[in-house]
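You will see two complexes here that share subunit A, one where it goes with subunit B and one where it goes with subunit C.
What follows is the complex of A and B.
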């Protein structure tokens, strides 16, 4: 506690640090909200300038951007079905239907509060148990465990959002198949590129997400507009009540745990945290059929989980020098620019830096609540603009977002093609979420499976004998079995009818 | 207009049928699996450090896709229904009810879906700064806006805002085109925005 207070005092007593904190907070929220132009873009742009800052200010700036950037994309996901980043994609599943039902204020309010709560809990956990948790997670979680976690994630994702078990699986498998396009992660052999140089780099998930969510939504609403059946969403600024949150207390706590746990694992991070948080909410819900149609719990679960991952991601970075994602990798660069190495010694040699960063992340998550509240009161009014004026603007922002990721026009083409595919798939009972999760997890799964097999000399017995692997694979198996039982019952009911 | 509308109507109905019908739908997935499996021989090379090679992982996915496609077909044949029950609630596989459109509306739908593809095809050649204003005006026209002031004003506002934010403030290099003339226009615009 003394160390936290010392860090907080160091932060607030320095005007430069305060300015950097505020700039990081607003910058992260802004960049997080623009699809394609994520907090990573901001991180990359400012990286050269951090050489002129103190090491403490530079690392603190990135940690604040991380917190606010993860939250930023929730607003556009809820209001326009445009997730600012992949970790906000599950927020759109229920957030956007809520907007269409005139509950935008409630959805955004829940996102604000849960992002803030999830992030703050994560920061507290991070402060209290960094060394302990890092030691356990890193020593217990190798490629076999990450692969098993991916299998579990896929098994759960296949049972969410599709009309049948099989359509759920086909959705996830389509995503996994798309993820195999490009160079294979083991030896760099070209796969499914059909001779196109562009496809060597694979199909990026940002244009695909923009196509599946934003573009297909524009197509669907414009078609409705053409048919005269479009109904503009009502603008409503009602925040969720305390009772709403109390009802969802278990979902929030579950998402904090899931998000924190996923955040610790290198390469997994906030995206899987958000999907897992959402999927588990569906799995534990008494009314899973309500998800995807405007269920507040969906927004709460994904936004709590993705922000809970932010504090956790700092644990392997600071304690072991292992970056969990792209932004934390940039932080390694910042450390090196200041002739420092993150790792266990950083707690001894640069204790002040560590606690200023912890304090900054804590305050950043608290600030999200107040800034998000103000943002809600203003941004929701964008819904008053007629949709046929918003549609070209959404398409244009999505175009720039898709192009800016890699500077490839082909990504824009992929985005529009994905939009057309999703336009038809969404009305046929397939799960867009499943496709996206398959696409994101495909490469992670394959890479870790290959590493696991090499580690185990291709012997499956020691592989499945690892306790965490066994638990995760059994959980995945039970999920599949449960789905198949439902399927059989459904067929029996149908035959009896 | 009528002929094009009829054609697009047929295409749209075929696509919907293709995705919703028992045999069409399963055939698509099975054909995809077979084609992907056959193509996997193109990169089925041994990897010294990895026993399963580059084709191992995709083939597992393909086989599972085949199994799921057969499962879906069996499900549809046994239930003989396009609707399913999820957690005790009957849900139609057609989750978004497709509105019934007139032939002229199919032309509009075709343009709504096709215009962005045309736009992205031209983007690299003619550049963002030349192609985008035209795309915005045409798209707004297609979506039903006929008032000249709005038809010009709204795209102009969107274009200027997006260009200033991304080109000047965020310094993102958008395509300026490489066809003669278009490159000069794009480049001139970038210089203007950044000066």
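What follows is the complex of A and C.
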């Protein structure tokens, strides 16, 4: 506590640090909200300038951008079905349907509060036991455990947003198939690129997400508009009530744990956290069929989890020098520009820096609540823009976003192709959320499965004998079995009726 | 094999020591050819911003800015083991306003036939600014083995189940160095590729793998913290910073070690006067205080890292021959 207070005093007593804190807060939110042009873009742009800052200010700036950037993409995900970043994609699953039902204020408000709460909890956990948690995470969770975790996540994906379990599974399998395009993670063998070099890097999930969500939605609403059945969403600024949150207290706490846990695993981070948080909300809900159709719990779970991953991702970075994702990898560059290396010695040699960063992340998460509240009262008014103006703007932003990820025109084509495919799949009862889940989890899962198999000399016995692996795989099996039983019962009930 | 390698040993050795000081002869100023460049230059980096390429690109960009005030903007194009960035670069206008950062993967990809772009013929190297050696690391608190000899004994006893983390797939610099080492000592080892540094280093720190194949600049933090220690250096002689770590010669390895090298290139069709200007610009940028300090921090001062255009071509061509021969021996190419 003493160290935290000292860090906080150092931060607020220096006008330059305060200005950098505010710039990071707004910059992260702004860049996080624009698809494709993410907080990573901001991080890359400002990197050369951080050489002129003190090491403390530079690292603090990146940590604040990380907190606000992860939240920023939630607003566009909820209002326009355009997730600003992959970690906000599950937020759109239920956030956008809520907007269509005239509950945009409630969805944005929930995202604001839960992002702030998840991030703050994560910051507190991070401050309490960084070194201990980091050591536990990397010694207990290797590639076999991460693969099992992914299987556990995929097991529930079939029940998200599809008309039947079978269509849910086909959606997930399509996502897994798309994830195999490009070089294989073991031997670098080319797969499904048809001689086209740009496909060697695989189908990037950001253009795919933009196509599946934003572009297909524009097509659907355009069709409705042409048919004269389009109804503009009602603008509603109601913040969620305390009772709403109290009802979801277990979902919030569960997502804090899941988000924090995913965040501390090197190379996993906020995206898996958001999807796992959402999946577990579906798994534990008494009404899983409501998810994907405007369930507040979906927004709450996703946004709590992705922000809970931010503080957690700083743990392996600071304690071990292991970056959890691209932005934390950039932070290593910032450390090095100041002749420092993150790792155990940072706590000894630069304790002030560490606690200023911790304090800044704590305050950034608190600030998200107040700024987000203001956003709720202002940004939601964008929904008043008539659809015939809004639709081209959405397509334009999505196109820029798809191109900006890697600067490849191919990604723009991928986005529009995904939009057309999703336009037909959505009306046939398939789940675009399931496809995205398959795509993102498939890439992580395959890589870790390949590494796990090599570690075990391609022997399944030691693989499944690892206790955490065994527990996760059994839980995944039970989930699958439970879904099948539920589906069969539903079919019997329908035929009896 | 040995018959082939012996002259190359000399050639690569010459490449490492013979051309190192050339840039000091460059003039301090140079007139811009026809006003070039009139706007910022783009630099395509075929890997992500957090890795070694992203870092060396930023170091060089700062050096160019410090020396000349010219702004270079990085444009990261990761994917396909560097092939996406390389192909993207070749599709850009050959006007000198776009330069390329690339590593030895461009050379090995051409040698194995994955790429049809020869880095010393289809491209003109402006400067090679980092050449580094590799080492094998273990945890400092490891008890099953504590040095190279005990590691070899452990690996043999594991009968192919010993594990080592590295990056890249079959045919990469890491794999070839490791395969030849394992062949020499008669053990088999599972080489597990981790794309990202964090999971790779975490795998060793967390005890998921037995050892790590890496370059010292990338794990400097772990060395300084005492978490990792090197047990063999892939150089013929011990570098000064690792005087207590056995070299290849010490442990009896007699092949030519493949090096990791990173440099900057332009398309061969860029107008000659612009190429000359860019060569001067990047070679002078290498010698700025900021870039030299950056290289020192990454252990890139232990062996001469600088190559001008001719030195770079020699290094690429020599390395290419080694790769081709090794791939032939491995049956990967005819």
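By our rule, the second predicted complex is superposed on the first by the 492 of 497 C-alpha atoms of A that agree within 3 Å, B and C clash if a C-alpha of one lies under 4 Å from a C-alpha of the other, contacts with A are read in each partner's own complex, and residues count from 1 in each chain.
The rule is simple: contacts are C-beta pairs under 8 Å (C-beta built on N, C-alpha and C of every residue); 3 or more make two chains touch, one makes a residue touch a chain.
Bear in mind the structure is a predicted one, so any value in this text is a computation, not a measurement.
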- Message: Under the stated touch criterion, which partner chain does A:329 make contact with: subunit B (first), subunit C (second), both, or neither?
- Response: second
- Task: State whether A:407 touches subunit B only (first), subunit C only (second), both chains, or neither.
- Result: both
- Query: Between subunit B (first) and subunit C (second), which, if any, makes contact with A:392: first, second, both or neither?
  - Reply: first
- Regarding the shared-chain residue A:384, is it in contact with subunit B (first), subunit C (second), both, or neither? neither
- Message: Let me test your reading of the model: by the given contact rule, A:455 touches which partner, first (subunit B), second (subunit C), both or neither?
- Response: second
- Query: Counting only touches as set out at the top, which of subunit B and subunit C does A:342 meet: first, second, both, neither?
  - Reply: second
- Regarding the shared-chain residue A:249, is it in contact with subunit B (first), subunit C (second), both, or neither? neither
- Broader residue contact with subunit A after superposition on the shared chain, subunit B or subunit C: B
- Intersection of subunit A interface sets (partners subunit B, subunit C): 186-187, 407, 454
- Message: Going by the contact rule set out above, which residues of subunit A touch subunit C in the complex?
- Response: 40, 43-44, 47-48, 51, 135, 137-143, 182-183, 185-188, 197-198, 200-202, 266-267, 316, 320-324, 326, 328-330, 332-333, 336, 339, 341-345, 406-408, 447, 451, 454-455, 457
- Query: Can you name the residues of subunit A that touch subunit B in the complex?
  - Reply: 37, 41, 45, 163-167, 169-170, 173-174, 176-177, 180, 184, 186-187, 189-192, 215, 219-220, 222-227, 229, 287-289, 388-389, 391-393, 395-397, 399-400, 403-404, 407, 409, 412-413, 415-417, 419-420, 423-429, 446, 449-450, 453-454, 458, 486-487, 490-491, 493-495
- Query: In the complex of these two chains, what residues of subunit B are touching subunit A?
  - Reply: 15-16, 19-20, 25, 29, 36, 39-40, 43, 45, 47-52, 54-55, 57-58, 61-62, 64-65, 68-69, 71-72, 75, 78-81, 84-89, 91-101, 105, 108-109, 112-113, 116-117, 119-121, 123-124, 128, 132, 135-136, 139-140, 143-145, 150, 154-155, 158-159, 162, 166, 170-175
- Note on the structure: The residues of subunit C that touch subunit A in their complex are 48-51, 54-55, 58, 61-62, 65, 74-81, 83-84, 87-88, 160-161, 163, 168-171, 190-199, 201-203, 205-209, 220-222, 224-225, 227, 294, 297
